[in-house]
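Next come the structures, one after another.
Both of the next two complexes hold subunit A, though its partner changes from subunit B to subunit C.
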Partner chain A sequence: MSSGVIHDIGYQRYTGPRLGRGYAIRSLYLHGLRTAFGLGRSAKAKIFPWATVGIVAMVAVVLTAVRAQGAPVMSYAEFSVSVALLAILFCAAAAPELVSRDLRGGVLPLYFSRPLRRTDYALAKLAALTSAVWLMLAGPLLLMFVGGVFSVHGPKAVWNEVLDFLPGLGQAAIVAAVYSSLSLLVASLAGRRAVAAALIVAVFVVTAPVVGVLIGIGGPAARQLAFLASPSTVVQATGVWLFDLQGMDIGSYGPVYGLAVVALVTACVLLLLVRYRRVAQ
Partner chain B sequence: MSLITTQLLTKRYPNGVTALSELTVDVEPGVVGLVGANGAGKSTLIKILLGLLPPTSGGVRVLGLDPATDGEQVRARVGYMPEHDCLPPDLVAAEFVTHMARVSGLPRTAARERASEALRHVGLYEERYRQIGGYSTGMKQRVKLAQALVHDPDLLLLDEPTNGLDPAGRDAMLALVMRIGTEFGISVVVCSHLLGEVERICDSLVAIDGGRLLRSDRISAMTTATDVLAVEVGEGTQELAARLAALGLRPEIDPRGLMVPLGGEGTYDVVLGAIADLDLPLHRLDQRRHRVAELFRTEAANV
Partner chain C sequence: MIDSTIARITARGLFGRRRFLLLLPLPLLLIGLALLSDALGASPRAWAQPILGGLGFGAVLPVIALIVGTGVLGSEIDDGTLVHVLAKPLPRSQIILTKLAVAVAVTAVTVGVPMVVAGLIAGSARLGLGLAVGCAVGAFAYSALFLALSLVTRRPVLLGLIYVLLWEGLLGNLLSGTRMLSIQQYVTAVAARVGDTQLLAGRVSVPVSVVMAVVFTVGGTLLAIDRLRSFSVAGETS
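This part shows the complex of A and B:
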């Protein structure tokens, strides 16, 4: 008998479990997380995210190496802020991949005709991007932490290292929340990926000089509040307040910056939900 | 159990447009053609059936569920193929269909297996690891069908599935839809503005126009009573008409010949006998089904 026989076994009905909306949201979240890093995509889609991740990791390796020779160059919390530009670039690449592609391709009707709500879609994508940004910061931080633990001596010193490491993860979370919610909102308004990426970078870059101008012309209070003008400095100023970062004079306005972070993220999420209530109807 | 029932279903958009007006239909399982011109309300009806739009008034049930309140349960058991492009070009077909299966609630392994199966059933087994962007229009339509089929729905809603296909592609798609309805045992609603296309594959037809129901019936009920015999003679059409009328038939003179309503088996003999008696040159004699389109034309004219 030849081995090339094809048996048509016909159509078989599916009798297995059908998991509900929660599973659908989790599936969309995991798919989004993979998409942010270009997994399951062409090699071209992997270049940008992994280039930024690579550079951040390299910075971490260099810092760890310097650390092994002597005193630490910067705290863990400061690390997230110092590589903020790379986090912005990562968002500019990932956010359009996550949402602009679905908008342009007309894929949304396929999601909305499944056991998934419009808000579920938006929140799953946001959670995916936030996790991705956090991971691209927390991974290198973990690398630094492991290096740091090996370069100190005694359980007390290790414990201090842990106490220094946790704020680092916290600062990374703040960066991730603000950058991803803002980027995803911007990307959800543009169907073309290149346009979306440019807009995201613009939102961060264009607002930065405003801070400089305000510091230059403002009075003492205005100078300490000037950092509200740009999302990246808001994040940094919040770190100054919560984790004693250096290099910024915010006086006693720390809580204002904390509130600004909460307000910014909330506003972005609400606008994102509004956007997805109307789109592709 | 009825597949779809609507009662006095009305949808008015905020801008004042009435898309559906007191639509009452009762659709049995099978392959159903939903026909109407562009703007007749087909897409609005589909969105209401999927629970994506709330009706302004009236009731609707799909698979025994109310999509307005149990939208998620309905959508878990319904597959939807949109009219327009809806595929991400830079994804591999197998991966995309697997992802869609998971969003429909299938566990990881089952999703992967059924994605392969669905792509095999639509005839894309060999090409399933290629990027969708490189597919032809016909192949893309098949992927759209595969993603609607992947979670083994009880009802498929296909919006203009032959859109953009060449004649061979249309035939292949229609044959596939018919196979899904008969062999797979999945009920299908096929939306189309081309009546001639869907009447070939459907068990029943629902025709809407301007949001109103034109007619809803089984295809068999629509066509059997209206078969005619087309008689074409070289000369003496008038004489023949007079002779047939005298014999109790009701012939109508058509530009191309005589149209004789087919009463029973005897009609043939009567017509042939009359032609032989009059010694007329017979060019053509064939039984013709009234196309369903003609039915609707007369219905619309009567309104």
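This part shows the complex of A and C:
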């Protein structure tokens, strides 16, 4: 004798709007951007990103103050290059935060069970990191620009200031693109945040002396091409080519460096996509 | 003093993972560049300072010491598996000394061997010996410092990177006073004296370097032991 009864307790299908792939990408991007600066996280997570931003802003304030007393110390384009070390540290803190936690927590299958595709995930994270690095350079640049505008006189001078400022934003964008794509690729290979941070810095720190070695032992042409050996000097040499930065002799190899930046970013993005095609099957 | 079981577990934790292979390119780069420079016929005077001083002592040694030094204890803290070690009837000082010994040995060998090879390419066995001693001194001081850091803070690697990049790298070149607290300078000074060479130039005197390296090593170890005695167990936080 069976006494089992199935009650209708009112389960229903969801019939509301489904927000889809574009919404998921936008959310992931925005969330990534907030994560990079530790917004919406504990105070501990904010210390590091905001310390680097604070130091960059402090450098900008000092430069503006010095400039108000006399001649400008450096152009806007040179600023991004001279604080590149802090951009590296920012990347070392933010990139593992963006991708390594998801790898370690094993939550990628949850992301990929949504309309979000694997490439979307990787590109949204990359876009978030690139924007974050750019913002962390462009914010202090804007500070310098405002200070500069108030220390010059006449509309013509202000227009010149704007013409100086735009290359600065451009150089910041190049720095952001190269540093973020490289560091996100490295971070996506390591599940532990600590290891990922050390590896990111290792890529930049270890390749920098190689440039010095090549300059020391190479011929004249090798000397002008030696800056290809390290991502940070490639960025700087591209700035020398595009925005007339000082301090590097690259001869007529400017386009080579421009090409190197494009190739480096493209290679990093492709490798990142390959990495996310295979991870967490 | 040294517990062989903990040493074995620690070594396996370091080498048993694929990520340790990611460190391999660094020593290879060191030897490769030295070979390349030598093959191109450049004199050691031209390449010894950038390769041995800049790359070896300035980048490879601190980076490897950082990854190994924070890894021996830090990974267990992150995993929460440190509890199993702490629950055993072992003095905390023994745990720290064992971990430190493993970190020092791994760092000294991983960096020391390629540095000695590069030193032999550069010229003499004496220079190779000097570089080996320098690496050993650096391995002790850096490992103790980074081991202590991994117990003092939840983000030891980032703090260690700040020390290596900003303090030693940037400020060490701008402000002469910061060199007194820079392990990189001690290592260079000791290596130059033992190797009896003009190729490397330490900016801190040798007795000061030796004393300060000992201070860093002993201080770091004592601090680590003290922190581990009152260690509170917590999972990974944000």
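The definition used in the following text is that the second predicted complex is superposed on the first by the 265 of 281 C-alpha atoms of A that agree within 3 Å, B and C clash if a C-alpha of one lies under 4 Å from a C-alpha of the other, contacts with A are read in each partner's own complex, and residues count from 1 in each chain.
In the analysis below, a residue touches a chain if its C-beta (ideal position, glycine included) is under 8 Å from a C-beta of that chain, and two chains touch if they have at least 3 such contacts.
Here the structure is a predicted model, which means the values were calculated and not measured.
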First (subunit B), second (subunit C), both or neither touched by A:Val210: second
Partner chain in contact with A:Tyr23 - subunit B first, subunit C second, else both or neither: first
Which of subunit B and subunit C A:Leu110 touches, first, second, both or neither: first
Touching partner for A:Leu89 - first (subunit B), second (subunit C), both, neither: second
Touching partner for A:Tyr11 - first (subunit B), second (subunit C), both, neither: first
Partner chain(s) touched by A:Leu126 [first = subunit B, second = subunit C, both, neither]: neither
Subunit B versus subunit C as contact partner of A:Val201, first or second or both or neither: second
Partner chain(s) touched by A:Arg41 [first = subunit B, second = subunit C, both, neither]: both
Which of subunit B and subunit C A:Arg192 touches, first, second, both or neither: second
Subunit C-contacting residues of subunit A that also contact subunit B: 41-42, 45
Subunit B contact footprint on subunit A (complex, rising order): 10-14, 16-21, 23-24, 27-28, 31, 40-42, 45, 101-102, 105-107, 109-117, 281
Interfacial residue positions of subunit B with respect to subunit A in the complex: 50, 52-53, 72-73, 75-76, 78, 80, 82, 84-92, 95, 99-100, 102-107, 110, 114, 117, 121, 131, 147, 151-152, 183-185
Subunit A partner contacts - residues on subunit C that touch it in the complex: 19, 22, 26, 29, 33, 36-37, 40, 42, 46-47, 50-51, 54-55, 58-60, 63, 66-67, 70-71, 74-75, 78, 154-158, 160-162, 164-166, 169-170, 237-238
Residues of subunit A touching subunit C in the complex: 41-42, 44-45, 48, 85, 88-89, 92-93, 189-190, 192-195, 197-199, 201-202, 205-206, 208-210, 212-213, 216-218
